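Structures incoming, each one as structure tokens.
One chain, chain A, appears in both complexes that follow, with chain B as partner in the first and chain C in the second.
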Partner chain A sequence: MHELLLFASVPVHQHHELLQQLTGLTAMQPRHLVERRLIFKAYRKPGLVTSRVGGSQDLQQSGDLQRVNKMLNGGMFYTQVVGPVSESDFSTSGPADPDTQMEGMDESKPTAQGTSTYDYEQQPWKLEFRDIPEAGTRSAVTSRVMASASLPCGDIIPSMNAWGYSFVTEYVVEGDVFIQNDIVIYLHRVLHYPSGEQEHREPRRHLPVLKEMTPLEKSGSYVLQASINVLDGSNQETMKTASQRLFGLREQLKSAVRLEQADRLSLDTRAK
Partner chain B sequence: MADSFTLPLRPVVEQQNRPDTLPVEIAQINSQWGSFRDVNEEVLRAKIAEEEARDGALSEDGEGESSDVDTTERLEQLYKRRADITQFAMQSHMETTFALDFVSLLLSKHAPRQAETSMSAYLKQIAPVGSLHSEVVNPPPKPESASKDVSTVSRGWRTQNFNSAANKLLTASTRLEGEITSETRYWNEVLAIKENGWKVCRLPRERQALGVQYGFLEATPVFRDRGLASLRRAENGSLILDKGLIPSGSRFVRVHVKQGSNVFTSSNPTESTSPDVETIEQRILQARDSVFEEELFHELVREARSMASSGVTTRENLIRIPASDEMEIQLELVDSNDDSLQSDQNSPQRDSLLADGLAHSIRLLLAFAHRQNMHRRTQMPPPLTSKKRHTPEYHLLRPALAYLQHLSSVKWLESYFSDIFGVLRSSGLEPAEYISDTFSTWKQISLSPVAPRVEALVEKFLRPIQSVFRGQLLTPNGSFAVTIQTNLSGPPFGTFFDVSFDLPTVSDLKSPGRLGMRDEVESAITHLLLLDVVSNIASKELPAKKAESPEPTGSRKCKWDAVYPHLGELLLSSENPEKHKKMKVSLTRSGLGLSSYVVRSIDGVGRGAQERPSLHSQPSTWKSPSISASTPDNGSSMMNFIVAQASHDE
Partner chain C sequence: MSALTSDQIKVLEQSRQRLVQLTRSLGSLIASLNQSDPLPPWSSLQSQASIISNNLVSVSEHLSDHRDLLSSLVAYPGPDYPGRTQASTLEQLLRTKLDPRVQDWVARGRTAGTEPPAVDASNLNSSAIAAAAHAQKPLSETELADLWEWAPIEANQEARRRNWGGNFTLEEREAGIQNVVTGLKRQLEDDEGSEDEEEEEEDEEGEDEMEVVGVHRKSGGNGFEFEIAPHHAHAVEPVVPLADILRYMTTGRMQ
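Coming up: the complex of A and B.
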């Protein structure tokens, strides 16, 4: 499967206005989305893994997974495991000072993590693999090979380790999704966990207070990502249709934001 | 408007005092007509006659032309005139050419290259370039009077021009003022529309014009795009709703329900207003209703085509659906100001309840389908492929038809149960009441947390409809249940009856399960009730016979023994092998019959030639109360008959 993308940077003061504009354009209410994203890194040589594929065979989506598995073992890649969470999953207590969101003050220590209803064992996960964007394409969109597969709920580390992936870090992405004409428009930003915590060697089992999460971009600006998926990347016709649609959207949003191709190397997912 | 304008635009007309007017005029007359001394009556008469003659000739000339000229002459005249025109044109062309040549020749002295381009070839041949020269000469001084004339004339011209300019300005101001009023009115009306909640936007194709969006965003693209009309301004500033090429009349879907010879018609859902009091808002509403109705019919036709296997036929503006036994539904797209509608309206409103209900339900379901489209649209899209996605037909007719079919089945089953239970009751048995739980699936309250309440409510109608009939049998612990299920939204299509029994006395009885035909259901339940009656008789203890028992075994209980329960046959064995007694029970929807026989065989089980009707008894029947209303009842209950038969001795 191929993914065609366009990006734009949205300063925080424009965020609200752009949300309204997108709501009008797509004729739908924004769907708020908060996702945990775990980054895994491949650590084995590809040849070593093939003998131990059996670990995944008892899983339900074995066909799907095996295909992904094969793709993943072709080279060494970072890959993402994405789990949707809701805002109620985050802890509710803690200093309820809204100002701490932007400043990311260190003294706001997370306290009383047990107040949320978050159940790590029931957390659904999805493996998302993204290749480095294709080089030398003349079209003005970023296009890359992608694959997604559902993973079992709960603790994902053993399965990932079995495939030769080790946990690197995790972060949270929050944003709003719009859908228009098969294009997924995701206005989002990356949030880091409160910096006061000690370094985790595995995914957190409890989520901190959402307001204490600090944006990766200190100014709090958002990224607008317009993506469209194409099932068969070798079919020039559909690829062209897809990029035409993206260009149509770019044209429509021209007066608000400038959607453009991303720098290829900044989206490099290869593990070195 | 001009008088309220205070700026003095017109030039001030000077009242010139001209003391010498009369002498001047006299001098003019003198020079024109000669001295006053020569004027006498004759001269004046001759003058008048001459003028009259000239006028008359002119007028006659004008009349004569139109009458006398026939076609050929006209044609000739036409050619002549054309030739004249051509000639004039050529002459003027020639003159212009000469003038051009002249100027070119004159200029060729100073700018030979430039002038040469506009010189004619002939001129170039005969006159060398730059052979003409011009010089400014001082004109001789004009006389005083001439310069005075010129100044007077120019003054007059200027006054005239000022006047016309002032006129133009004043008319322009009037026009602008009118424009301002109509613009104000236009924008006020646009604002009023906006404040009423309509979406006003710029037209995508015509950036200068305003449009109002009244359509449904989730409709099929054809109809979605029709939901936008431009708001144009009339001369006086009032709004005009310009829908482009779409006909302006409003239409709606009318439902006819034909039951036998009666036809019931649904009423117009949108009250049509008289066209003279229409406001723009009403017009928008009408346009919205019209586009909704047309989409509704479009979707109905689409769905009806997919239902062709159930006998649904479609015409251009008509859909016919055979709903159930003797009911036919017709859906029609009609103009709302149709005359035939008015006459139909006279039929009593009460009877058209079903038609109205149907009309409302298909509209509700279309609105629901719109919401579903909205949900589908806002889901994560599947990856693009070269294949086109098919939009499924909406469920508009199918739920309504399922309801009608189901209702008909439920009514049939109810009437059947009331018949057969009536038969049982008339025979003195006391069957327990059966419980009917109709449309049970609709009564369940299932609130999904995601979907809004309204959608959850409508969504129930799309699911299979289910009704359950439950009852106890005469036999203790015996029960039956009939479930009717109708599903037109997905396979298995149609109505099914799920019949299940629990009759402990008959061990080898199996529930028939899912049945499709009403006949099968009827026979299955009748058979079950027959078994029930038979086992009920068999369980009944009979009073001991006194005469038959010389031995002290008189206390022996004797019973009817169900030998062939499935055939309704029972046996009362006796010591005398010649005198076995047999009773046959028959149960139908219309009646219950009992007849007894004497059987001559050793075990009493044999059938056929050895049977003969019992002497003392007539076969006894009980009919359902509705049938036997006129015939006198035999007064006795079934149990009495059994006991009587058993105690009778041959």
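Coming up: the complex of A and C.
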């Protein structure tokens, strides 16, 4: 799968307006989305065969398998594990009321937790692999190879470790999704977990109060991302059509935001 | 019918040159309005307008200076004029009445010219005649003069009653600033900031943004698809560049 993307930075004062404009443009209400995103980084396991000498004889490999091989054995990449959460999964209040405090909730954190129904064991996860955007593309869109796969619910650290990935950090992305024909428009921003907590070596089992999450961009600005997924990236025709669609959207939004190609190196997923 | 003297030919040549200049400067103004996006800065528009008006003045001076000659001249085709190939030019030269479109312009110009108060008023001061425009009649010259005489003094007096600077007026401060309904969610500080306390627009995200109605970003010819993003009084531009945000989202690091 290929992914074609355009990005724009949206100042916070324009956010509400842009939501309305996008609602009008796409003729749909925004779908609010909150996601936990865990960043994993590949590390080379000792003794792992990293390159397949003479692998070119293995012509039976399907494109997907090649990609998986590349992902696992070739270059080392950052990859993301994304878990959708709802706002009700976050704690409802700061200091917990002892009466409503559930037993055993506090075992991993000394800080008081509010009540929430969040169950880490039931959290669904999806592995999202993104390659570094293609270099020197003719068109002015970011295009990159992507692949996604569902993971088992709950604690995914052991399985990720088994695949040679170590946990780096996690953050929350909140935003709104619009769909216009083939284009997915995602107006989102990154939220940090409240500072003051100790560095986490593994994903949090409890979610803090949503209001205490601080935006990565201090002014609270948003990122507008318009993307189209193309199943067959080698087909120049469909790639071109998809880029044209994105350019059409860029033209329609021209007076509101400037959608642009992202800096390729800022989307560099290679682990060094 | 006597032939033209060289002086008279010179006069004709001068009028041609001035008209050419006028068309050229009009053309450049039209081109800059059509082509540049956003619109060119007002200073350049104004200088172009003043060039055009200078051209107009010089044309009109020239025409009135040589009125006697120009009104007595008659055009007729010479025997060696290529009447077959240049028929349309010939018709233009020989027509005695104006083009119907031009005639309309002239008629409009004449009506505007015979009502000097209306023209003056709309040129001079649009806000001062708002009341008059409401009543559908323009202010007379004397009324306008009165208005101009009255306004600066009155504005000055009003201004002196205020202690400028700060978020609150003296009256508001004396009555206690905590009672002032600003319509803002953030707290205004008492000692600095802007004076304006506008009605805040509906505010769902908890952002304190104010919309100045009617102020729009210039955007040339593309105002069709969308309402142009309004200018905000408290625009907060993002501090972190987009590339850094994307980098963080990709690798969990800013660098």
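Criterion: the second predicted complex is superposed on the first by the 227 of 272 C-alpha atoms of A that agree within 3 Å, B and C clash if a C-alpha of one lies under 4 Å from a C-alpha of the other, contacts with A are read in each partner's own complex, and residues count from 1 in each chain.
Criterion: a residue touches a chain if its C-beta (ideal position, glycine included) is under 8 Å from a C-beta of that chain, and two chains touch if they have at least 3 such contacts.
Every value quoted in this text rests on a predicted model; they were computed, and no experiment measured them.
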item	value
Which partner reaches more residues of chain A (counting touched residues only), chain B or chain C	C
Which superposed partner A:148 touches (first chain B, second chain C, both, neither)	neither
Contacts of A:229 with chain B and chain C, given as first, second, both or neither	first
Touching partner for A:238 - first (chain B), second (chain C), both, neither	first
First (chain B), second (chain C), both or neither touched by A:23	neither
Partner chain(s) touched by A:184 [first = chain B, second = chain C, both, neither]	first
Residues of chain C touching chain A in the complex	203-205, 207, 209, 217, 219, 222-223, 225-230, 232, 234-252
Parts of chain B lying in touch with chain A, wherever the complex brings them together	217, 374, 377-386
Residues of chain A that touch chain C when the two form their complex	7-9, 11-17, 21, 25, 37, 39, 41, 78, 130, 168-169, 171, 173, 190, 216-221, 223, 251-257, 262-263, 265-269, 271
Residues of chain A that touch chain B when the two form their complex	1, 27-28, 31, 179, 182-184, 228-232, 235, 237-238, 241-242
